[in-house]
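Quick heads-up: structures coming right below.
Each of the next two complexes has subunit A plus one other chain: subunit B in the first, subunit C in the second.
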Partner chain A sequence: MNTGFDDSREIGGRDPLDARLTPPPSEPTPSDTWLRRVLRRLRMSAAFGLAPVLAPALVFVPLGALFGPQGLNLLSTRVLQHLDPVISLSLATLGVFVGLALGRRPSWNPRLFVAASIESGVTILVVSSALVFLVRAWDMPLAMPLAALALILGVSASASSATHDATPGSPDALAARIADLDDVLPIVVGALAIAAVGRPGLTSILWPAIATLGVGLAAGVIGWLLIERAHSDAERGIFVVGALALVAGGSAYLSLSPLLAGLAAGMFWNWSPGRCDTIVREDLGKFQHPVVVLMLLSAGALLEYSVMALWLFAPFVVFRLAGKLTGGWLASKLTPTLASADLSSHLLAPGLLGIAFALNAYQYLHSAEGIAALTAVVVGTLASEGVAFAVAPGEADA
Partner chain B sequence: MPESSPLPPSSPRGSRRETRLLLLTLVVSVAVLLLLARFRFPDRQPLPALSSLSSTPDPLARMAGTGMFADMRATLTDLLQRLQLSVVVLRLTPDAPLPQIGLAADTLTGQPRLVPALRFREDLAVTLSSGRARAEVLEAGEVFDASLHAHDPSRALSVYRVPGRAMPALTVQSQANLLTTPDYFAFVEAGVGGPTLRAAFASRLDPVPDSTWNASLLAVGGLPPLPAGTLMFTLSGRLAGLVSAQQDVATIVPGETLLQAAEQLPPRAAGSSAADAGIDVQALSPALAKAASADRGVIVRHVDPAGPAARRVEVGDVITAVDADPVDAVARWLQALARRTPSTTVTLQVRRGGKVIAVPLTLAGADRALPAPSTSTSAHTGTTPPWATQPGLTLRAVNGSLDVVRVAPGSPAASAGIQPGDVITALPGRGALSNTRVAAAYQGLSSGQAMLVALERAGQPLLVSVEKP
Partner chain C sequence: MLRLAALLLLLGTAYVITSVGGNDTHSALLAFGFALIAAALAGDLFERIRLPRITGYLLFGMICGPDVLALISTPMARELRLVNGLAIALIAFIAGLELNYRRLRPRLASLLRLGSVLLAVMYLLLFAAAWAAWPWLPFLPDVDGLTRVVLAALLATLVVSFSPTVTIAVIADVRARGPYSETVLALVVLADLALIVMFTLSMQFVRWALGEVPAGDVSLLVRLSWEIAGSLAFGAVLGALFAFYLQHVGREVTLALLALCVVLSEVGRVLHFEPLLAALAAGLVVENIAPPRGDALKDAVERGALPVLVVFFAAAGASLHLEALRTIGLLALAVAAVRLVTIRIGNLAGTRLAGIGMDPQIASLAWMGLVSQAGVTLGLTIIVRSEFPGWGERVGTLMVALIALHEFIGPILFKNALARTGEIGKMGE
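Right, the complex of A and B next:
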C-alpha cells in the first residue's frame, strides 16, 4: 500500500536520488554480514557505498572540524563567512523538505501530526526545563536570556530522523512518518525563540515570525506561478532554484528564519493546485546533497570547544534521550495507531535538523552562548547517534 | 498516512521494553539532574552577594567574576602601578574662598580636600584649584610641601611645584582617537594612601567648543558622578583628559589641551601673587550692553581707588581687549591677567561713552581687599514720584553714597534688580552722586533709554541698568 510518504523523507532518509542509486537496504541479502549490520545500525552504510541510508553528520562534521580554523584552516574564518549564504540556502532547503513532507490529502493524517507534535513538544519541554534548572544551579554567566538559550537547545534536541523502511505500516515506516511530522513544531518554536532574543513584548516577537511566514508564502506563490508555467525541465529547474534562493535570501536579509520561511513555502507548494510539490521535490533532490554537505562542513568548522559548551553538552544528550523516550511513549499512548510501534527507540537518531536549528540560531547570535550552543548541539548530535545505536529497537519488536 | 492503514500486530513485549527503558531513563535523568546541580560553573569568582540576588540578576552582576572581569581587574591593577609615578595626591587647605571662581574643588567646601594632580614634568604637577589653598603632597605616608608655580584663575588651572621624582614618559591619547568609539576608561582620583582608580564606560564623547579653554572640550555621557579634577586615562595608560565639571554629563579637558595650557602658564615670581588691575568686572548683559552702547567686552563694576586703575578706568567702562588679547567674557579677562605678572604694563582697550580709548596700566599684585560696605550715619528720605520721572527708589544719602531704603514694586528699579539694602556707589558718566542727580539722570532719559547704576551688595560691587519705560 502506498502510504504517500515513502518518497517524502527529509535529508537523512531515502529520497528519489537515493532510490535511483541503490535498492532499499532492508531486504536481507545472503551477503548481509555482521559488518553490514553494524554499519546499517550506525546509519553509515551509504558513506561506505553499501546502502543509501546514512547519517551524514557522522562523516562530514568531523571533516569540517578537521578542515576548520582550529584544524587545518582550509575552511578559514573568511571562507566560512562566504559560506554563510549557503547555510541559509541549506536551511531553507530543509524547511521546504519539512513542508513537503507533511503530505497532501488523502495521506495527510491529523492524528499522526498531533502525535508527532506531542513527541517533539515534550522533548523541547524536558530539555529546556532541565537546562533552565541546571544553568541557574550552576550560576553560569549568560549575556542572553536563559529561556531563549534553553529553547534553542530544546528545539535542536527535538529533531529526529528514523530509518526508513519499505514495508508500509511497519514500525520503521510509522517512526519515519513521525520523524517527518515532528519537525514542524520545533521550526516554529525555534523561530520564536530566536525572535525573542533582544526583543521585548509579545508583539515584537510575533511580528518577525509572521513576517517570516509572509516571506515564505510570497516566495512560494512566485515559485508556483513560475514553475507551473515552465516549458522545459531546464527552465523548471532554474525556477525551483530561484524560488529557493528567494526564500533563503529574503529571510536571511530580513534576519528571519530560513527554516520557517522554507516550511511555509514547502507547505504552500504541497497544498497548491498542480504538480508543484512533485516538481520541487524532484529538482531539490538533485542538489540537496552538496548543499547539506556544505552545511555540515560549516557546522564542523564553526565548532569551538569551550567550558560552557562542555557543560551544555552532557545534559543535552542525557535529557534529549529522556525527552525523546517520554515524548514517544506519550505519543504512542495517546494515538492508537502508534500503540505498538516502539516509537521512542526509533526516534532517538537525531538526523540533521538539530544541527540546522543550532546553525540557524548561531546565524543571529554571534556570541559566546551562540557558539557554545552550536558546539553542544553538534557534538551532542553525534553522541546521540551513538545512543541511538545502543538503544536501537530490538529485532524481535520491529 | 491514512487512518485505515493496517497496523502491525500488537507487541506487548515491545511495549514492556519501551516502558522499562523509559522508567530507567527517567530515573537516571533525575539522578543526573540532581548530581549536576551540585556543581558550580568554573571561571566564576566567589561573590557571596550574588547568592542573594533574584532569579534574574543584573547582567553586569552575572558577568562579574567571569574571565572578562578578571582580565579587567588585572589590567587596572597593572595600570594603577604604572600611574603611581605620574599622579600626585595633593592636599589643598583653602586660605580664603574666591567667590567668582566656582570650579575649584577646594573652594566649594572650605575643608581640606585631596585632589589628584598630573605630574607632567619631574617637579611640576597640574590640577584644578583656586590657587588660594595651601598645598601639600601626600606620598607613601609622608607629607611634603608643594608651592604654587603658576595659576590661571579663569580656568582654575594650577601648576604646583612638587618633590621631584623620575617619571615615565607621559603619552597622550589624541582627541581624534578619543572620539572614534565608546570605550572603557580609567578614572584616577585621590586617596589618602595614593591615587585610586576605577573603570567606567564612556558611552558618548562629543566635542564641545569652550571659549575659556579656547579649544573643544569633550562632553562624556554615561559616566558615574566624578569630582572635578579627576584624571582620565585609557586602559593602555594614555592620558585622555581631566574632568573639569560634571552636571548632567561630565566635561573633559582633553589631555593635549591640558598639557598645552599647563606648559603655557607663566610661572609666578617667588613670593609674589598674581597680577591685578584693581578692577572688578562683570559680564555684559543685553541690558548693560544697551546702556553702555557696547556690543562686546566686560563692564567695570568697581575700581579700587588704591589700585593701578584708579582715575584711569571708571565704573561703567567696557573693556574690550588687554593688549592684543580680545576680552569678550569675564573668564577671558581673568585669563588675560593670569598670563601676566605684577609690574607688567598693559594697555586696555576701553569703550566709554561710545568712544574707544586706550588706557595704559601697570599691573599690581592680587592681594587686594574688596571695599568694605559703607555704614549709614544720617538719613534723608526721598520721594517716590511716578515712573515717568522717578525710577522707583527711596534713597538715603550716606557719606557720598546712597543707601537704597525701598524699591517700589513693579518700578524700573525693581526691574533692574535693585534691592533694599543695596548701596549706590556711582552713576557712571553722570558726575557726582546725589539723590537729586539720580532723579535728574533718570528724568533725562527718553523712553526706552537706560542708565547705568553702580551698586554694592553685601560688600560686592555690582552694575545694573535701569531702563525708563
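Right, the complex of A and C next:
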C-alpha cells in the first residue's frame, strides 16, 4: 500500500523507528518477508500509476473509525480522553510547520502571500455564508452561535495541501507555494472563532488571541535560547519536544488555539538569527509523523453520524469546491504566471489542516454541534480528497 | 548564561500561565513541557558536578512540586502521573531488551548464585534486625510470638526490594553498556521477581497471624500465581505479536510500540497483571526470540524514551511526600543505613560463592547498583497500606521516606560504579 505521504509537509517523513529498523521502501532486501514483499509490490504499483496514491487522511481516518467507540472500541472514549493532549501536540506541530513554511526574508514574497490569503479568505467567506444561509433556511436548532459554527466550517474548508515536488520557479511550484501560504489566514481566523465561542465582546475575543501569540512567542524564545546550544542530539531532542509541549500545553491550558501558538513559534524560529528553524524542522520531522497519525486516528474514532452532520457535510464539500475555484481564480490575477484552472486544481486537495481546525474546535465544544461539525469536516475532507484525486494534475503533469 | 535566561523565562511563563488560571483537565501537556525542559536543565547542572542526571530530575520535581514552590501544582502533578503507566511499561520493555540470554549465558550460573546468596543474606539480616527492634518500631509494638515474626518478615521483604525502573533509567541516561550493567539489571529483575513471591507469601502469613483470613485460605496465593504467571504469559504473547509485526510489517513502529505499552499497562491493570512484569516479558521475547536488526530497536527506543524518563522522574520528585521524611526521617535514615550494610555484606558473601564465570570487579561492585528503590517498593507498600489501615499506613510512611532517600542515593552510587567499570557511553558502539 503506498500512502504516498512519506514526504508530505503535513505528516512528516518516515516514522523515526521505521527509518532506523527497515531500509527505505524502494530498497528490497533478501530478508524481506512475504508480507513485506506484498506491501512493496503495492508501493511499486503505485509508483507506476497502477494503484492510487492515497492521502494520509484516507488511510488513517477510516482506521480510526474502525478502532473507535462505534467500531471495535479499541480507541474507547477513555482512551480518546487520554489522547487529547496528543491532539493539542499535533495541532501545535502543524502550526509550527506552517510558520516554518513561510520562509526566510530573502525568499519572502508578499504578493504570493496576499494571493494565498485572498484564496483562503474567499473560501472561508463562501462556505461560511452558504452555511449561514442554509442553516437559517432549514431552521436547524443550534445551541451555539450560528456565525461561530459557520466560521469553524469555513475555516476547516479553506485548508489546502501541497505535496508535489516541482521544479523551483515553475507554475506548479508557485501553486504549491500558494497552498503552503494559504494556511496562515485560516489559522488566525480559526483562533478568533474559537475565542468567540462563549466570550461576548470584541475585547474578550482579542485578549485570548493576543495571549495565544504570547504563549507561542515565549515558547519560541525559550526554544531558541536552548536548541542551538544543546550539548548532544538527545538533549536537543528534549528541548525541541519540550518547547513544542509548552506551545501546545500553554494554549490548551488557557483553552486557546495550539495552531496559532505553533504558528507564532514557527514564525519566530524562522525569522530569528541562527539555524533554529533548520534544527526544529529536522527534529520535529521525526516526531511529527506519529503524533499526526494519532491525530487522524482520533479524528476517525470521534466520528458520530447524525442528521445534522449529514446536512452540514454536503454544503461543506460543494461550497468548498466553489470557494476554491473562485479563490483560485482571484488569486491567479495576482500571479500572472499561473492560469486560474492550474492554480485551482492544485488547491483542491484539503490535506490535514481542515481536520486539525475541526478537532481544535471540538476540544472546546463538546456539544452536538461540535461533534456534527467535526464529522462533517472529516467526512467532507475525505470526499474532497476524492474530488481532488479526480481533478488534480497527475504526477506526470506536476 | 543563556540557559539561565531560558530557565528564568520558562519559570516566568509557567507562573503567568498558571496564575491566569485555566482548564485543569488540559494541564498535563503544560506540566509535561515545563517539567521536560526545566528538569533537563537541572539534570545538565547535576552532570556538570558529576552527579547523575536522574538525581537532578528528581530534585527539580521536588523543589517545583506542590510541597515546596508549587510551580507544579497538585492537579498538574496528578496529570503528570498519567505518564507513569506508559513510562513504567516502556522502561520495563527496555529492561527486557537489555537481557540477552546468549550474552548472559556464560555467567548465568554465577549470577544466580550471587543473587540468591545476596538476597538470602539481606533478607535474613533485615528480618533479624526488624524482629529485634520491633518493640521500638511505630507499627504494632505490643505484638509478640508468631505475629511479630511474620510482621518482621513482611517489613524485611519491603525493605530489601530493589528498583528495576531506576536501574534501567540510569543505564539509559548515561548510555552504558557492558557486563556490569547487564549483571546488575539481571540481578535486580530476578531478585524483585523472587521478592514479589516472598511478599505475597508474607502477606498471607500476616493475614493468618492477625486472624483476618481462616487458616487454609489460599486466595492470595491463587492471586499471586495469576499475577506472576499471567503477567509473564500476557507479556510474552504481546512481545511475540510485536516481534511478528516488526518482522512482517515494519511500518509505523513508533505507534505500534506506544500501543504495546498502553496495552501492557492499561489492559494488564484491568486483568490484574503486573505491568512491570508483563512489559519485561515482552521485551525479553522480542530480544531473545525475534530480535530486530542488531541493537537498532534498543538504541532507538532508548533514545526516544528519554523525554518520557525525564518527565517520569520529575513527576516522581514532585510526588515525593516530604512530610513523610519530616515525620519519620530519623528512623528512615537508620533503616537505610542498616539496608546499605546488609547489601554490602550480602554482596561480599555472594561474591565469594559466585566463583568462576563472574568478573571479580563486577561482583564486588554489584552492591552499588542495588541501592535504589522506587516503583516496585511503592507498589508493594500501597498493597500493605490499603489492606491494613492503621499500622499499614505507618509502614507506608516509613517506606515512602525510604524510597525518597534511596531515589537520591541509589543513582549516584550506580553511576559511580558504571564509571569505574568504564561502561558509560558504550551504548550504540
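Everything below uses one rule, namely that the second predicted complex is superposed on the first by the 331 of 398 C-alpha atoms of A that agree within 3 Å, B and C clash if a C-alpha of one lies under 4 Å from a C-alpha of the other, contacts with A are read in each partner's own complex, and residues count from 1 in each chain.
The rule is simple: contacts are C-beta pairs under 8 Å (C-beta built on N, C-alpha and C of every residue); 3 or more make two chains touch, one makes a residue touch a chain.
It should be emphasised that the depicted structure is a prediction, and the values quoted were computed from it without experimental measurement.
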item	value
Which superposed partner A:Leu294 touches (first subunit B, second subunit C, both, neither)	second
Subunit B versus subunit C as contact partner of A:His82, first or second or both or neither	second
A:Phe239 touches, of subunit B and subunit C: first, second, both or neither?	second
Touched partner set for A:Val391, first subunit B, second subunit C, both or neither	first
Which superposed partner A:Ser344 touches (first subunit B, second subunit C, both, neither)	first
Touching partner for A:Thr326 - first (subunit B), second (subunit C), both, neither	first
Partner chain(s) touched by A:Trp207 [first = subunit B, second = subunit C, both, neither]	neither
Those residues of subunit A which subunit B touches in one complex and subunit C touches in the other	none
Sites on subunit A touched by subunit C in the complex	15-18, 20-22, 33-36, 39, 79, 82, 84-85, 88-89, 211, 215, 218-219, 221-222, 225-226, 229, 231, 234-235, 237-239, 241-250, 252-255, 289-290, 293-294
For the subunit B and subunit A complex, residues of the former touching the latter	1-3, 5-11, 13-15, 17-19, 21-22, 25-26, 28-29, 32-33, 36-44, 50, 55, 59, 62-63, 65-66
Touch list for subunit C against partner subunit A, complex	2-3, 5-6, 9-10, 13, 17-18, 20, 22-23, 26-34, 36-37, 40-41, 44, 82, 246-255, 257-258, 262, 266, 292-293, 296-297, 299-301, 303-304, 306-307, 310
Subunit A residues within the subunit B interface of the complex	1, 3-5, 106-107, 109, 111-112, 130, 133-134, 136-143, 168-171, 173-174, 177, 307-308, 311, 314-315, 318-319, 321-322, 325-326, 328-329, 332, 337, 339-345, 391, 393-394, 396-397
